[in-house]
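Multiple structures are listed underneath, in structure tokens.
In the two complexes below, chain A is the common chain; its partner is chain B in one and chain C in the other.
So, the complex of A and B:
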């Protein structure tokens, strides 16, 4: 699995100063490589190692093999977190895609104030998760703007029925701007002459969109879907802040990363938490492989 | 099987960010006779819809901004503008509730991370783009491999490592150093720099070499000044990422004197959840730096954010 690095420039053989160049090269990459090995590669292996131990507050208490994994399989809380994460993913991915596509198509028009609209649509994506969650807590509180406008009296984030859907809506709104950027790049890859042909054939904008733009965006849909799925499985900040780390009400917003966090930090069961991390990693890894295998080569274009 | 992480078409995104030519794929077809009227109607509908969406996207922020300028009793009222304008929310947040301190902490770690990331990523990116050394491809493969390791997997091992650091047994939990160390440089930043250096023609470097400049001097005096846009994109990407970060800050910077502003906002909402004017003031302070950076450097920002897709 060699990474393609283009070789150009000087001929390779008998190059004067090759030894010195190599030394300088090692010197330049020394610190970055140390960081990557120490804080990325080693932790990945260390996570696998920890996941095979009964590892509590006093450190490793014995190699338990795959027992942490089988424990996870039977753990109702972990199962609940998987269910919540899947449910969240199932709703948030289509919502993000639809919103992102809508915004991209709008901004891609031949219109005035393009920069303003793009900025406005992208604005929520700029905001930090903590600040945006605080704002959401305010707007969706019982006496908040959202309820007033709709004439309701719901406690969105604190009702088992609406808590996860409310977080889904919140995150669809904040990430739509990012998805818009990816869709914009995909829209620009569609050749203009297709549209000219459609216009000559008398197709209206609605028909043109559904018959031409939408099908031709297939690679774009796929890319955005994978990015969105990977992001959805990592959801944590909003759930943590809204429920104050509990994943409540009644575990309605308890997601996988929250399980990892609480198992490691609150319960201090590092082995179990590491095993959950490995499970999440394997799933995310599969999607990342799909993403890279399908889109890595397009970068040259 | 050779693969590299998907990078967005930076040229397209940058053109877009700089308000370049209208993209291909617009659905407005001009020049068809008899269509002018219906097109005008369509356009009117389109503008109305767009303003409606833009308002929907902005209203939460405007409402929160307005609340941050209201006295507490007024936050229960349903009015867009404050009756009594006051900066009491900001004053209380910054002094009484220590957000001045949290802001300073955020500034410290963001500056440290941004500075080292830009320097180390350009140094490493240059070596991978230009210098030849045995094992370069394997090392670069490792760099790309780190992009595949999600933070959620690193949570447990890094927490353990920072509690008792290997060999030295330092406890780096609740220290700026611990937070800074794990974010010192990112593979995404290094990858972005390498890609940019690859696009710079070799002539200038060779001229510098003929003049007797060493490798570091060539890098520092010739290549870095040419890499301005990429440096800006990396700096902005890292600044935004660190300033906005909650996941690692919440894990590592645990005690109130070390909280960043994002942790401070979350903790304030835990404890004083209904002091809405103060909470919104704190949130506005937490948003402001990134929004300002966006307003002034939008062009680089969009390029950087688009390349953040690399991070997966």
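So, the complex of A and C:
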């Protein structure tokens, strides 16, 4: 019904029937759009709104202006969580991209059991993060398989020096399959005649990769980097499960989303949690814009 | 052209039809409920978490006991699997809490101060419910600004579990004092009574260490919970004593011992002594039935002191039928309900007039001096920080004094 009312507002097109076509189009996107507005855009704007309040379970207890944001600025725990998240992102994104690209190039070759390898490499991405983490806790246990193989005696997830790197490694491995999928799609979008030309010019496989494949993957790099960074900034499950919500040992795994969770659910300071969420959004948004500028607009579009 | 248009219209029509139908369905569903009410069946909803099948079975037995002795009442038990506080928060925010539900003493200050729990004082008075039979400290855990917001359904203090064979090998008995505990730990080490492990399992966890702080006449907050008291000599001494076991190689943390928690260290014989509550009994019985161990009260420092972990039954502020909810609550926390709930040993009774299950007297002895594991509203991040700082101390990266100063400051900030 809303569609019928709105129809009058549409500019008339030259082509006969174009207005009706648009109407049908909007009719189709109506439901997904409504879901998107209701469950994504509205909560996002609402979070922005409540971030300026002292907000408990039953609603606002008073407008506090920018106090939540200034609290975050001075909160050493929040600063530590930002530092950890950035540090994690800095390591996990290149690792995921390199690993994803490597796997994609491997399974893009005409090798035996290619489909099997594609499935096998993607498999960790299918398992739930909770299950993967539980298994990793066993494998990286002080008496676990990992230590046995390497002849070590380390408590990987419970040592301040190794906890975050261990989670980085774990997540790089689990997400590499997804990155491989993206790279695989990008690889197959490269026209074959470029490779044929390179072969005629006598370029070896190594040179072909660095001079042809890698530069032509630019849109792929951009997409994978964006997805990977957004995913990395949102890291939570593994840290929550391993540290049992405390972000330990000695804050080593305290990340931004864990801060938001603890502030909202345990301390019930929903305004402060929303403010932290807004800060995280701004940081991710800035990163995406920087990448966009860095990789060039035309490829991204 | 016509067909695509038709399709578009059809999509809108189908969508609206689904919405209308769903609404009509909801209305139809509402009718039988009101009819049933006339035939005098009152439904009461009950929510909690379930840690084990045995626990669920015990609760169902208790619920049946209520329904049998209260004809006309029907309990709708719907436990929450997973993140209980998060799920309850959503229910509170929607103003649709269950009628009766669990409240952990640890989250109680937050929920009480946020005004989502119903004060029970007038209901207790009106129904002449005698609360004198509860251990007073457990009721106090659910008291806020002079009102009672829940009655304890059960509780457990910490206790000291000692491995019989290992203690015998070192020729020692369960220690009763701090000095004896140190001596026993040294003898266990000298006798190599715990091969591949450590004499004690001690984690950087305030939910264990605070018991030792109380034993040394220290505390985390002052009595009125308005100021932290962590920079006192009593606290510093207790923390140094607790951390000392790790520093002197007399204890291991659960991760260093290669287990998930200290109870598992006891079961896998990676430690001779652990400090856990009643929950360890069922765990040991089910998982490590062959390991023989003894439960003793916590060692005494300057005084007897301990932590107590308790959970209440509470009623929501927005619960509709509060009278019916209190009927269920008073049965579950009453002598009959609590006996049914605790007789299998899943939990310890919070009332003095309910007999404690066999073999649990070491826990009961400590009821008089156990302090509830509880702080002030908005303290969960303070405790997280306190544990992180303690981990830094265990890792040798921070001094005890620096840690206490930092936690003191964090607590002061949270108190505002």
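The criterion applied here is as follows: the second predicted complex is superposed on the first by the 238 of 301 C-alpha atoms of A that agree within 3 Å, B and C clash if a C-alpha of one lies under 4 Å from a C-alpha of the other, contacts with A are read in each partner's own complex, and residues count from 1 in each chain.
Methods note: a residue touches a chain if its C-beta (ideal position, glycine included) is under 8 Å from a C-beta of that chain, and two chains touch if they have at least 3 such contacts.
Since we're looking at a predicted model, the values are computed, not measured.
With both structures placed on the common chain, the touch criterion links A:235 to neither chain B nor chain C. By the touch criterion stated above, A:134 is placed in contact with chain B alone, chain C being left untouched.
In the superposition on chain A, contact of A:24 is made with both chain B and chain C.
Judged by the touch definition given at the top, the superposed model places A:267 against chain C, while chain B stays out of reach. Annotation for chain A, partner touching more residues between chain B and chain C: B. Applying the stated contact rule after C-alpha superposition, one finds that A:254 touches chain C and leaves chain B untouched.
Touch criterion not met for A:166: it reaches neither chain B nor chain C.
Legend: residue contacts after superposition of the two complexes on their common chain; A:155 is shown touching chain C, with no touch to chain B.
By the document's definition of touching, both partners, chain B and chain C, reach A:143.
Of the two partner chains placed by superposition, only chain C is touched by A:57; chain B is not. Residues 1, 3, 20-21, 23-25, 28, 31, 137, 141, 143, 265 of chain A touch chain B in one complex and chain C in the other. Looking at the complex, you find that chain A touches chain C at residues 1, 3, 17, 20-21, 23-25, 27-28, 30-31, 56-59, 77, 137, 141-144, 155, 157-160, 245-251, 254, 262-263, 265-269. Within the complex formed with chain A, the residues of chain B that make contact are 1-9, 12-13, 16, 19, 22-29, 32, 42-43, 46-47, 49-50, 53-54, 57-61, 63-64, 67, 76, 78, 120-121, 123-124, 126-128, 131-134, 136-137, 139-146, 148-161, 181-182, 184-185, 187, 190, 198, 202, 215-216, 219, 240, 243-247, 250-251, 261-263, 265-266, 268-270, 273-274, 276, 279-280, 282-284, 286-287, 290-291, 294, 298, 302, 305-306, 309, 312. The residues of chain A lying in touch with chain B in their complex are 1-6, 9, 18, 20-26, 28-29, 31-33, 35-37, 39-44, 46-47, 50, 102-103, 105-106, 108-111, 114-131, 133-139, 141, 143, 145, 148, 173, 178, 181-182, 184-185, 187-192, 195-196, 198-199, 202, 205, 208-209, 213, 223, 227, 230, 234, 236-237, 240-241, 244, 256-257, 260-261, 264-265, 270, 273-274, 277-278, 280-281, 284-285, 288, 291-293, 295-299, 301.
Contact residues of chain C toward chain A in the complex are 1, 4-5, 7-9, 11-12, 15, 83, 85-86, 89, 92-93, 95, 107, 110-111, 114-116, 204, 253, 255-258, 260, 378-381, 384-385, 387-389, 391-392, 395, 397-398.
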